[in-house]
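Two complexes are shown next, each including subunit A; its partner changes from subunit B in the first to subunit C in the second.
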Partner chain A sequence: MALLVAPLVLFILIVFLGPVLRFLWLSVDNSDVAGNLGRTFAALEGWQASSGLPDEAVFQALIADLADARQKGRDGVLAQLINQRKVGARFLVIKTAKDAADGKFATPPLREAVLAQHAGWGDVSLWTEIRRASGGLTDYYLLNSIDLRRGAAGEIAPAPADRAIFLDALVRTIWISFVVTLLCALLSVPLAQAIVSAPPPWSRVMFALVIFPLWTSLLVRTVIWIIVLQKNGPVNNALLFTGLIDQPLSLIYTRFSLYVAMVQVLLPMMVLSLVSVMRRVPASYMKAALSLGAPWTTAWRRVQLPLIMPGFLSGSAIVFVFALGYYITPTLVGGPGDQMISSYIAFYTNTTLNWGLAAALSVQLLLILIASAVLFWSARAVISRPRQAA
Partner chain B sequence: MRNLWVSTSAAALLVVAATAVQADDAITVVGWGGNWDKAYKTGVWDKYTEQTGKKIVMEEWDGALAKVRAQVQSGSITWDLVSPEAPAVEIGCAEGLFVPLPEEVTGDPAKYLPGTIHECGVASDTWATILAYNADAIKGEGPKSWADYWNVEKFPGKRGMLAQAQYTIENAMMADGVPPSQVYEELRKPGGIDRAFAMLDKIKPHVVWWTTSTQAMQNLASGEVVMTDQYNARVTNDVVNEKKNYAIVWEAGFFYGTDMWAVVKGSPNEKEALELLTWFSIPENQAGFSKLYAYGTGRIEAADYIPEDWKKNLPTSPDHVKHGAVYDTAFWVENKEALEERFKAWQAQ
Partner chain C sequence: MKPATLRSATMYVYAALLLAFMLVPLLIIVPMSLTSGNALTFPTPGYSLRWYHELIDDPRWLKSFWNSIIIGVSATLLSCALGIPAAIGIAWGEFPGKRLIYAIVATPLVVPVVIVGVAAFFFFAELGLAGQKSAIILTHTALAVPVVLTTVVASLSRFDRTLVRAAQSLGAGTGRIFFKVILPLISPGVVSGAIIAFIISFDEVVVASFLSTGEERTLPRMIFSGVRESVSPAIASVAVLLVVFSAALLGIVGWLQSRATRSHRTRPS
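This part shows the complex of A and B:
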């Protein structure tokens, strides 16, 4: 048995868990900086911004480190990472590394020679940033991802207001996912009930209609809403025609259009889990409750609802978790104020190549996923307990 | 970064395997794919093969310098000639990934438009981000300047705007009355970038953001926006092929950027690649691409070989280029990440 499962376990380890963990590791990994500036960091030990520019020993270490980095071809990466922390340092690092590798700074004292060639090293704040970047692990990205950063003395301080966006994005992501889950739940109950109660041929047709959209590309299902909701689209035209409005509404690129598109895309998941549970609930239960005199609402609330609750919960878990990770849909049909965490992850991965921050945001998303999984699991445990006792 | 390493070296291995079956004397050129590659093949490479008998193999990429870096560091270089954007040429040149081009190859640098020649590269194409409007939506007199684009009283309707800092803050500065040639000077002054963001604040409620050209053109076609910023060839394409009634407002001011041909250091066909670039620097040969695709050339005289009625579509034609200025590579190399992050934060607020 264990042998039969082994290929699957190996497969998951190698193609799924491994790369994911490796990427998440980037959120604390500092080896590209620490590994290339080892001597510099050692020489900077004990140096403080208040004591002015570092001394000759630090400059010698820096030149030796940069020359090595250049020879290993790591100077470009190093320059990029330093530039993330200190804008404008990129060319300074690359050019100094080139000169160092070419042996331009062969005879000490180097400090004055380097400063004469590359005046940028005379900036104490650059050294402060470099000093702060020492160590094999860094909390820089994780702090950034929750709108915090290290202040001048190394203390943790809130990020400036115009940069503090991630906590907002986090709350927004959870809220949007929650609303989408709620809307899906509300819409799918009558739909699932209709599918289950209809006579077999109709039931099958309706079921197929729910399944069909799943075979269509997510992109197509998303983009079609741009056409439907745009200024001269069918919805606006219909509203104008009936005289309900006299100016076309801005429907697309709003939170509204985002909800519409996400609900449409995720609804089948909820319907499927509800239908599978509802099919197992005999119709006679409701009939029995009604015949005993319960009003329909009471019968539904006290008999039907508890029985289909597991379907609700698993459907909600699927919809909620899927919704958390959405980024193509918000990018295409949402406005800038509707972007979710994943779209920031995509942005930092692709646009600014700040993989550390992308990884830190991924860690956040993963923690929310775990938390919501635990929540749904305990909810299931709670609702199934009375029945086990009975 | 190490993940990238693994994936790129794997990709490099595949490329090695793929190119091993091809003739090894062929020059491998790496372009942007799609219609861009098609225009290059028909307009330039096929002619070179015809004239010299040298074979050219085409590959495509997304401009990521990391891929060149991986090849150079692993020593298994399969690309001879690549076409990165100018900022990437600047970085790659400083890192020693590209071969410096002598004047025998490029010809006299003074004969190129500003920004279209570099120590390590010559322009493969020169594209511009321009102001375009839908003449069906704006009847009568259209916008004449970026200030008009910002003026929602005079021209009611939403504006399409690229959802990134690069190319957008330049437009904001032009709208604030800065001529293109002085935009970077102003941006580099203390508070210059804040000035651009203050302008963006004013237009923000009227903006529909776009990330792909297709999306932007769809919004322009549907009337969702009445004007938009856009890459010039994309607008020309819709005007010529789809008979749309769009106008490009060149005189509003625009910025042009370049992709550049650069020779990968240590490539197996370095000599042949340099020969190809020498041939390419002849104005007539350079014009081959621009005749088919509405992006301009590096060499000024190349314009002489482009039909008069097509020239009006190119950013580098003398009538237009006087309204434009080149994107400042150095500015963006240093500020790109920081500004994009600030822009993203600003957008969400």
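This part shows the complex of A and C:
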């Protein structure tokens, strides 16, 4: 029997889990730098920024390393990685590597020759960054993803304000997911109640209508909101027609449109988990509370609400965790200030090719996801404990 | 009016409004896509099938549709080939680490799809397969296989295992038992799992946006990049067609599942 499962497990490990872990590993992996600048790092041992530019031995090691990297075809990757830490260093590295491989710096002393050709190497801060990039593993990207960096002495310090954008993105992602979850929870309680208490044919029709949007693709439901909320779309035209506004509103590409689209997309999940719990609560409980003289609101709050709380929590968990990882919807209907972590991961992968940072942000996203799942799960366990004991 | 009546009336009115919020956008694009004008507006200046013709006449849309079909069908077949045997093993077998195996197989359901897309991009780029259909097919299979597994495990739980022993005692081999006894009886679960797997692949856009380029673009990928430039009535027409297409397929699943539970309930025991 175990043999029947083996092909699937192998497939998931090779095609899915392996690649995901391999990608997440890029967040700490420094082998492309360490592997290509081995001699330079060895020569830099003991060098301090305060002692000025490195000496002749370091330059010889650097030229040897760069020539090798060029011959192995790794100079582009190396230049890219150094450029991430010291913006503008890319061409310096590539040009120097080309000259080194062409044998332009064959006879020592090299230091002055290199500095004369490529003055960029005279910048002490570049050497500080290179020195900091030694070692097989790096915490550079993980720190970067929470707006921190290593200072001159290796201490952890806040990143400069113009590069500190990730904590904002993190807080925004959690906040948007929280608001969406709250809206879904508040909106779906009366609907779920209506589905449960309606007479049978209506109950089934309403249930089917709630599920129907789940049958259509997420992309299509997102695109539809762009069409509906655009400047001359139906919503603006209806408002103009009724005279409520005299100028079309800009509804799309805002936080408002993002909330509308995400709530519409995720609401069915919340309704489904509430309905499944509500169906198990006998209607006689509410009737008993009412017949004993409790006002309807009190009866609902004291009797119905505690009983449907588990459904509330599991629905919220599903909506929140889904919302955290949303990419398509924020990208298409949100504005520049409404982007969530997923969009940054895609951006750093596609546009700036900063894979270490994309991986570090992915690690961050997965950690929040796991933490919130654990939180909801334990809240649910706490809430359902008294009833299990009874 | 008594307060209770008023309360339930309010509740139903509210339910109707919320359902309208969820469904009207899906419906309103149908008349909008039938516009005879050049832009998406509502109310429309006039009705025509112009933009649907435009879709059929545009080789890029047609090509991407076939790409999606080929990828979807291949991913479905592969998910079934991997998922059905595994479902039998999990439903009937007892072996150590079963929970761990279930957890491993379920990971594609929980990892955010952007991470899946980026990771797959790296993996297949190293293999030199980035931009190939095979890369998308394999990743879509990973995303779809947990669903096939769960639906087939569910239908196996209703399966009477004495039938397998009966077939064995009558001298049938393993292959024959599988194709002649097990498969026909679990086919509703297999078919619904397969349809959902197909739709997962057919509707999937994030992995496709990392892995498909140029000629290999899938239909959702075409919509995604089209929307970022401009929302033309052609996009609305594709959206309508996709809604109708997936709704029809999932209608079949709903029908199969309700039939399966009904026949299970009425079966004498």
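Observations on the structure shown:
FYI, the second predicted complex is superposed on the first by the 372 of 390 C-alpha atoms of A that agree within 3 Å, B and C clash if a C-alpha of one lies under 4 Å from a C-alpha of the other, contacts with A are read in each partner's own complex, and residues count from 1 in each chain.
Here is the rule we go by: contacts are C-beta pairs under 8 Å (C-beta built on N, C-alpha and C of every residue); 3 or more make two chains touch, one makes a residue touch a chain.
Bear in mind the structure is a predicted one, so any value in this text is a computation, not a measurement.
When both complexes are overlaid on chain A, the residue A:Ser50 reaches neither subunit B nor subunit C.
In the overlay built on the shared chain, the residue A:Leu369 is in contact with subunit C alone; subunit B does not reach it. Contacts of A:Ser217 after superposition: subunit C is touched, whereas subunit B is not reached. Touch counts on subunit A: comparing subunit C and subunit B, the chain ahead is C.
Once the two complexes are laid over each other on the shared chain, residue contacts for A:Val228 go to subunit C alone; subunit B is not touched.
By the touch criterion stated above, A:Ala198 is placed in contact with subunit C alone, subunit B being left untouched. In the superposed model, A:Trp296 lies in contact with subunit C only, and not with subunit B. Of the two partner chains placed by the overlay, neither subunit B nor subunit C lies in contact with A:Ser284.
In the superposition on chain A, A:Thr242 contacts neither subunit B nor subunit C. With both structures placed on the common chain, the touch criterion links A:Trp355 to subunit B and to subunit C.
In the superposition on chain A, the residues of subunit A contacting both subunit B and subunit C are 19, 22-23, 26, 226-227, 230, 232-233, 332, 355. For subunit A in complex with subunit C, the residues that touch the partner chain are 1-5, 7-9, 11-13, 15-20, 22-24, 26, 187-188, 190-191, 193-195, 197-198, 206, 209-210, 212-213, 215-221, 223-228, 230, 232-234, 237, 264, 267-268, 296, 321, 324-325, 327-328, 332, 342, 345-346, 349-350, 355, 358, 362, 365-366, 369. Only residues 19, 22-23, 26, 32, 70, 73, 75-77, 83-84, 87-88, 90-91, 94-95, 98, 162-165, 168-169, 226-227, 230-233, 250, 252-253, 331-332, 335-337, 339, 344, 347, 351-355 of subunit A touch subunit B when the two sit together in their complex.
For subunit B in complex with subunit A, the touching residues are 1, 3, 65, 69, 72-73, 91, 94-96, 158, 163-164, 208-209, 211, 215, 218-219, 222-224, 330, 333-338, 340-342, 344-349. By the touch rule above, subunit C contacts subunit A in their complex via residues 3-4, 7-8, 11-12, 14-15, 18-19, 21-23, 25-26, 28-29, 32, 39-43, 82-83, 85-86, 88-90, 92-95, 101, 104-105, 107-108, 110-123, 138-139, 141-142, 145, 149, 199, 202-203, 205-206, 210, 220, 223-224, 227-228, 231, 235-236, 239, 242-243, 246-247, 250.
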